[in-house]
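Take a look at the structures below.
Below are two complexes that have chain A in common, paired first with chain B and then with chain C.
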Partner chain A sequence: MSDGDLGLWAIPIAMLGGAIRVSTPFLFVSLGEVLTERSGRINLGLEGTLVFGAMSGYAVAYLTGSPWAGVLAAAVAGSIFGLFHGLICSLPRVNDIAIGIAMMLLGMGLAFYFGKPYIQPVAPDLPSIGFGWWSDLPQVQAALRVNVLFLIGIAAAIFLWWMFRATRVGLIIRVVGDSTDAARAMGLNPAVIRTLATAAGGAFAGVGGAYLSLFYPGSWNEGISSGQGLMAVALVIFARWNPIACFWAAILFGGAGALGPALQSVGVSSGYYLFYAAPYVLTLGVLIATSSPTRAVTGAPGELSITK
Partner chain B sequence: MTTAPFSRRGFLKGSAALAGAGALGPLAGPALAGSHSPLTVGFIYVGPKDDFGYNQAHAEGAAAVKAMEGVVVVEEENVAETVDVQKSMESMINFDGATLLFPTSFGYFDPHILEVAPKYPEVRFQHAAGLWSADKHPMNVGSYFGYIGLGQYLNGIVAGHMTSTRKLGFVAAKPIPQVLQNINSYLLGARTVDPTITCQVIFTGEWSLAVKEAEATNALADAGCDVITCHVDGPKVVMETAAGRDCFVCGYHANQSPLAPEKYLTGAEWNWPGVYTRMVQTVLDGGTIDNFDRGGLAEGYIKMSPLGPAVTDAARNQFEATMAEMMKGDFAAYKGPLMDNAGNTILSEGQVFLETDIALESMNYLVEGVIGSTS
Partner chain C sequence: MTVKGALPGGALGVETVGMTMRFGGFTALDGVSIAVAPGSFHALLGENGAGKSTLVKCMMGFYRATSGQLMVGGREVEVPDPRAAHAHGLGMVYQHFTLVPSLTAAENLVISRDDAPRVIDWRAERVALAEFMGRMPFAVPLDQPVRALSAGEKQKLEILKQLYLGRRFLILDEPTSVLTPDEADEVLGHVKALCAAGQITVLMITHKFREVTAYADTVSVLRRGALVGTGAVAELTHDAMARMMMGDARLADPAPRTGTPGAPVLSVNGVRASDRSGLKDIAIDGLTVRAGEIVGIAGISGNGQMELMEVLTGQRPLAAGEVLVKGAPYDATREEARIRCVRYLPEEPLHNACAARMSVTENIAFRTFDLNGKGTRFWLSGREMRARAADLVAAFKVKTASLDSPMASLSGGNVQRAVLARELTGDVDLLVISNPCFGLDFTAVAEIRARIMAARNAGAAVLLMSEDLDEIIELADRVLVMSEGRIAYDRPAAEADRAEIGHHMGGHA
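And now, the complex of A and B:
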């Protein structure tokens, strides 16, 4: 560890590092939610899926010794939660928001119940790639230690963006999300497609949870999530249902979250509660700036219950 | 999940039982509480009892009580500092016949214990932290706590020897007196080695917030701190993150050396098994526990983790010498002249705060050399 005192340069470096470290769960959950919402359904239960994914990922990684097996288990568990949500919502007169909240509580409760024996053991971590080799500053090297899941998340964001734009599957999901009637006229079954989209979205959220428990902060306990799953749902609206924009929103949230500790570490120590509120102030500001009294939210799927 | 309906049913059953407890409580209470053998002791924790931290330390004490003759232990974890803890206490008294309760979290005291205690004068409520006073509070409530700041002072001595950047790091939850005292003691310990050492503190604002604790630890490492300790409920994240950044760590609450065997120097641990078995034995012998009970190393309230493999001989010698000094009692970590980090005088030349000084329990400043602020 060198004695390098970076002065105020420490803040942008810490925010960059924080953005990379903290954003991944936001990214995965919001991508999953984009997929679900584009099909015309909203799944508020992703916070529960995230926590359950964190638990199951950690448990399986510990039991098998392989963090990737943990990620897979988290994805499977997440898709089961999503499937469950999707199936219940396919019944007539079921409200997807209410089911989402129920699923959130169920997911957290189950995760706490099954996760009890895994608080103590130490599971293997996911590998990361050091992109900071060109710098001899340990701070920069630490900030650019990028986890593989982060890179997979970027790839997934680009893939989803391309999928919605240019593929038949993407078109089907969008049609179902924009108009149930049109989808029916095309011979599609909206309930099945929405259920599948919710299951796939759940898998994304589960992987986001696995990142929390298997890389950063890298352990399972009952307070592992500080509402990332809920905030990511809001991020989707913020990102206007665009996967690429989800990536930037996640980065912004991650970086803003690192602001509080970074400022304290360079000696700006009073008012840290205020700095911790930075991500939320930012969200409010952007939403107000981009809102319009005259038109509906751009990019919103037509069948979404909150915007209909 | 195939198990989902199962657990849901279990949940419903559980809530039904709780509702029943509320209804039957007043009737069943006196009859059960009246029978004295065996003694039923209840422990309540605010978090999971295997968190490598505050709750685990208490649960280890409960486990020692469980092993005693003629004692039944009931435990409940994850009980919030709300009306929930009142329900838990009443359920333990009325259902399990508990006559001695240890609700261990700071926030359980006011108003929850104070509300329940007068209703059950035959039950003894023992609360961990420093708030009981004879003129204000019921006599069947007691307060006990240890001088864990001394442990952080010893952590600081070892840290002072091991740091090469002369900068220590402290991840703190909230700026309350006990936390501030730990931060200050940690730095004062280090300054006995080298008076130019500073300590950077980062407050996370919550007792348990994994991602923020990891971010704070990374920020400390970025700022050049190379020995890191903390005061949060579960130090696991801080220990693992700091060791991952190649920093040394000092533990807190419980022994965290399995989390970072090479980087762990020592740690300030609670020694609740000793304290709890002593108190329970007093009750078994028909005596009364003191309402206000305090102690440090000598009284067996706290202990230090065994020194880690990296600790140098110089550090070990001073650590052991200071510990021997503390065992004699009346140790003073705070000696004048002492300023806070805003330039106010805390102690002038010749003045000291002994470990027993009640002024330490209302500390609201950071001493000179700590980088950080209390608000």
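And now, the complex of A and C:
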């Protein structure tokens, strides 16, 4: 076997690399959605937040020359979107799903409008760390070039898991998400807590967007997101609202997303584009497999409008 | 009677002075003055809508009373919100659980504390909780999610939570409505002991005279927002309390039992279905209800009664077996129910038998809106629906602001009456009922039981599932016990023995 020709082994290696690369936005958006949904609200607008985060992150990175300033800007933009969503949903008789869809379209529209001048320029990329030094195969080295944001995402997943278990803020979010009455009896204000959780969730989605434009694919254009923000909602259900499970689910979805490019890279020339649909098929499959006509979804926050 | 101070053990004395609450033109509470001595167990009696809840909500700061004062420990205090009430040592256990179902008992306790730490050191908290539990008369498992606890354990945990939070005056809102008689006695016995030890003072809202006599020291009675009587329990008979509660209203007499059972109407043969958790199954090998008989199924909730109800209403798929109504297989479609005259009164009718936001008129029309006497109709007749609803509302004494009010705005008893009105009108050959009197005051209870008995006497087959054993014994011709998804006991009512039934309910016979 000559160097650079791995035969069929190239597929799993490319998929592993792809899973790590593609999963990061899934991970961030789903962590944001977990935070929001655990507080009893659903934010379908994260797709719009993701796209706006991608645009604003790219623009700020280009203007300042620092990709990290871009990430920060994306987080701030995301939290503003989340805050806006949270505030509107705090009004009486407002449906969070309808607002979410409106926010999704608004986010994408604003991103396209403000993002026009940034399609041509090139912004600096986010740094990555090579974990493939032990191998001399270029494919393995490429696959294990791990972006710093991916590592931050893992840390955030562990942090959120710990937060829900052992901090006052975490328990309060779970209380509010599970029972508005109990929260009120405790003297908490559910609307305020949900709004803040939605804002924080938006910040996560914004960072996911910055990853798209600043690392992979690594440029800003109008087709930058292929529905990751929406799929992340399904992923959260699949992960049973558990941040650690979100990580594994994101890897799974990322791997599915990498299937098409991996096949293409080994020279499968016909039909590979069908495999580009793998994440969407997986989303459908997951939703069907985890549904039940007779039982409510276990682990779902009790106040969530979709599971009530 | 005046109340001063607090006991050295911590129990607080609380007094309301001329508490008045008006909602618009409606006076819910009219100058109510109640004094609860420190360390006493005070019962608050009254029918639904008598103002009991309004009074305690004013005390707890959920409402701001229109006028009147609250004295805590002999001093006048302001309670603009529940937090202020908590700060004064007042706590309330609600009729519906306010524990968070997905959190464990330990998490529920710790997070309910005002000074819950930012980062919770679970090891230290666990030690502190174990020490606290050691001082308490009863314990609950701390590491299970609350949703896995039984109703009795939840109620105990609610009370433990108040004690854990250092509350010294507890308001209990119908604390035993979700408990079995044994659980109720256990919980109230412990509460009474805590009062006697001078640790807490208790104000308990209740309908049950038995609990008042057995546990309370003093009692106050409200009727239509006014205090109509107060005194030591020892000096009052049940009759005297009932007269105070109801004024001139009369209870419906228990309907006499007439006729003998006829042909079988409902047969459940070899039915298997999975339960709510999907882990266990329910198995009903043979259950027959004949015309003109009431078959009562007793049992502690969660032993498959809800699943059996769902099987009979077609909400739960069968794994095996068959349900026959009048000898033919029955799938509980709307059409089958209409043709074979099957009617239902499920538990929590607001959720299970009504569209809460639709009007009373529409809810009452659910069985008939598309019928015109001959077959089904396409265009509905609003006028007929209204006329019919008006008749039934009057006949069943449903209290509603208007026929167009949403069903959810009615009180529990009135929702029950409205659903009964719908279900008992027309030909009824099979009536399936679950906990019809849950949480109702006793005028409503007597009336609803009389209507069920009347349906039986008119020849309907009645299957009655109830957690209230007294209700089963009063109404049923045949008593069954359901335990762990099986029918564990089957006797004619005349031969049924209360103690034996109790053993079967507990699952060890």
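Just so we're on the same page, the second predicted complex is superposed on the first by the 283 of 308 C-alpha atoms of A that agree within 3 Å, B and C clash if a C-alpha of one lies under 4 Å from a C-alpha of the other, contacts with A are read in each partner's own complex, and residues count from 1 in each chain.
The rule is short, and it goes like this: a contact is a pair of C-beta atoms (placed from the backbone, for glycine too) under 8 Å apart; a residue touches a chain by one contact, two chains touch by 3 or more.
Nothing here was measured: the structure is a model prediction, and the numbers come from that model.
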Putting chain B and chain C on the same copy of chain A, do they fit or clash?
-> fit
Is A:290 contacted by the first partner chain B, the second partner chain C, both or neither?
-> neither
A:169 contacts which: chain B (first), chain C (second), both, neither?
-> second
Greater residue coverage of chain A in the superposed arrangement, chain B or chain C | B
For A:17, select first, second, both or neither according to whether it touches chain B, chain C, the two together, or no partner.
-> first
Which holds for A:258: it touches chain B only (first), chain C only (second), both, or neither?
-> first
Is A:189 touching the first partner chain B, the second partner chain C, both, or neither of them?
-> neither
Using the touch definition from the top, say if A:95 reaches chain B (first), chain C (second), both or neither.
-> neither
Would you check which partner chain A:179 touches, where first means chain B only, second means chain C only, and both and neither mean what they say?
-> second
For the combined three-chain view, what is the angle at the C-alpha centre of chain A formed with the C-alpha centres of chain B and chain C, to the nearest 10°?
-> 140
Overlay on shared chain A, then closest C-alpha pair between chain B and chain C (Å) = 32
Spell out the part of chain C that touches chain A in their complex, as residue ranges.
-> 81-83, 86, 94, 96, 98-103, 107, 110-112, 114, 116-122, 274, 276, 278, 316-317
Of chain A, residues touching chain B in the complex = 1-6, 10, 13-14, 17-18, 21-22, 77, 80-81, 84, 106, 109-110, 112-113, 116, 119-120, 122, 138-139, 142-143, 212, 216-219, 221-224, 226, 228, 257-258, 260-262, 264-267, 269-273, 276
Enumerate the contact residues on chain B facing chain A in the complex.
-> 1, 3-4, 7-8, 11, 47-48, 50-52, 78, 164-165, 200-205, 208-216, 218-224, 226, 234, 236-237, 240-241, 244-247, 258-259, 371-373, 375
State the interface residues of chain A toward chain C in the complex, per the touch definition above.
-> 166-169, 171-172, 174-175, 178-179, 181-182, 185-187, 293-295, 299, 301-302
